[in-house]
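For reference, the structures are reproduced in the following blocks.
Paired with subunit B in one complex and with subunit C in the other, subunit A is shared by the two complexes that follow.
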Partner chain A sequence: MDFLAKIYITLKESVLDPQGTAVTHALHTLHYRTVSDVRVGKYMEVTLSAASTEEASTLIRGMCDDLLTNPVIEKYTYELVEA
Partner chain B sequence: MDFLAKIYITLKESVLDPQGTAVTHALHTLHYRTVSDVRVGKYMEVTLSAASTEEASTLIRGMCDDLLTNPVIEKYTYELVEA
Partner chain C sequence: MKCAVIQFPGSNCDVDALKAIEETTSQPVDLVWHTARDLSSYDLIVVPGGFSYGDYLRAGAIAKFAPAMKEVEKAAADGRFVLGICNGFQVLTESGLLEGALRRNDSLQFRCEMTELVVANHHTAFTRHYAVGERIVIPIAHGEGNYYADEQTLKKLKKHGQIVFRYAKEHNPNGSVDDIAGIVNERGNVLGMMPHPERAIHSRLGSADGRRLFTSILEVWGETHAAIQS
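Presenting the complex of A and B:
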């Protein structure tokens, strides 16, 4: 079966996000003054084949831990849909 | 009212994604051979205040068009929740 995994990667709450701060300042300069905070993360769509949803889920968690995220500073969530 | 907007930015389907191709190759090297495609995008969480959901939605669309996305090569979707 083919699956599409949507992976959302964000910095942990305790980690400073200078890119988000820069975007906040840029939005203020553009007169979007009601913005109080921006956090910037990554979004990935991974297409893979697996025998079952459980196997796909295990593979995605493995990929996230092995390559896609830095577990020291980032956390992730994902959704898995049959493609 | 305070709102949290979750913004998902992806490259348009027709735009090549060399970063995604590199991630696909890296996953194959790590023996995740059933991965057929990876697309890399951005994920942003914007906290803002607005008088209503409609106003917040208008502001978010404005920010995406003015600064957060490049409409030539990217598309975006967003979810708005009351914070």
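Presenting the complex of A and C:
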């Protein structure tokens, strides 16, 4: 089966996000005054083949831990859909 | 002392490192490609600055899978010397040889300037020719040098004297926690630092303060080597 994994990577809460801070300031300058915080992350789409949803899930977690994220500063969530 | 400087696609401080080692220690240095599968004969391996693999994904994230990095891990495990400068430091943290991570500078700017460092530990193989608390001038050139470690890791680094260089208090250029500019592993044979000592080996370059880092390594290597022979 073919799967599409939608992976969302963000900095851990404990890690300051200077990009997010800069974007927050820019939004305030544009008068979006109700914005209290912005966190900038990454979004990836990985297409893969696997025998089952469980196997695809295991593979995606492996990829995230090995390469796609740095667990020292980042965390991730993902959605898996049959492609 | 046999030295190697690894070249990744995108390295750009490799030749500077080679020339600096030759100039300061008169020891033989080879440039080795990232595909090298045997670096067992080298006493010092330098992971140089630059933008390995275009810094794609994260700085250093893809370089850690290069065959030569397996050899760097072996060197570290053997107690041989490993020096990661700038992108090399990022590669060493990504590969887990050093703790923590390097984030985007808090200013979001690429900073290229001379910086004042304070030597925090002079009892390492890389810093014995400096005095503790000594202020030295070494240039930086990076956009992602903002060192991060969680509280627990930071405590451990302090406890084991692993923080080797700090930016002078009022001159932290990137937002690094505890003003950290360079750290060693617990064993003390792997150093990662954002500033470029290889660019500070002659007063004509603006500073000669980087020379003693290389002469320190040579002296320590010489002592170990002599001890083995006797």
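Basically, the second predicted complex is superposed on the first by the 83 of 83 C-alpha atoms of A that agree within 3 Å, B and C clash if a C-alpha of one lies under 4 Å from a C-alpha of the other, contacts with A are read in each partner's own complex, and residues count from 1 in each chain.
The rule is simple: a contact is a pair of C-beta atoms (placed from the backbone, for glycine too) under 8 Å apart; a residue touches a chain by one contact, two chains touch by 3 or more.
Quick caveat, the model's predicted, so the values are computed rather than measured.
Enquirer: So, does A:Leu68 touch the first partner subunit B, the second partner subunit C, both, or neither?
Expert: A:Leu68 sits against subunit B and subunit C alike.
Enquirer: Now for A:Leu30: first (subunit B), second (subunit C), both, or neither, which partner does it touch?
Expert: first
Enquirer: Who touches more of subunit A, subunit B or subunit C?
Expert: Ranking subunit B and subunit C by residues of subunit A touched puts B first.
Enquirer: Answer with first, second, both or neither: which of subunit B and subunit C does A:Thr10 touch in the superposed model?
Expert: It touches subunit B, and subunit C stays clear.
Enquirer: In the superposed arrangement, does A:Arg39 touch subunit B (first), subunit C (second), both or neither?
Expert: first
Enquirer: With the two structures laid over each other on chain A, which partner does A:Ala22 touch: subunit B (first), subunit C (second), both, or neither?
Expert: In the superposition, A:Ala22 touches subunit C alone.
Enquirer: Of the two partner chains, subunit B (first) and subunit C (second), which one does A:Thr47 touch, if any: first, second, both, or neither?
Expert: In the superposition, A:Thr47 contacts subunit B only.
Enquirer: Could you pull out which residues of subunit A sit against subunit B in one structure and against subunit C in the other?
Expert: In the superposed arrangement, which is not itself an observed complex, subunit A uses residues 67-68 for both subunit B and subunit C.
Enquirer: Note which residues of subunit C are touching subunit A in the complex, please.
Expert: Against subunit A, the touching part of subunit C is residues 57-58, 61-62, 65, 93-94, 100-101, 103-108, 146, 148-150, 175.
Enquirer: If you look only at subunit B, which of its residues touch subunit A in the complex?
Expert: Subunit B reaches subunit A through residues 2, 8-10, 20, 23, 26-27, 30, 32, 34-50, 59, 62-63, 66-68.
Enquirer: Over in the complex, which subunit A residues touch subunit C? Could you list them?
Expert: Those in contact with subunit C are residues 11, 14-16, 18-19, 22, 67-68, 70, 72-73.
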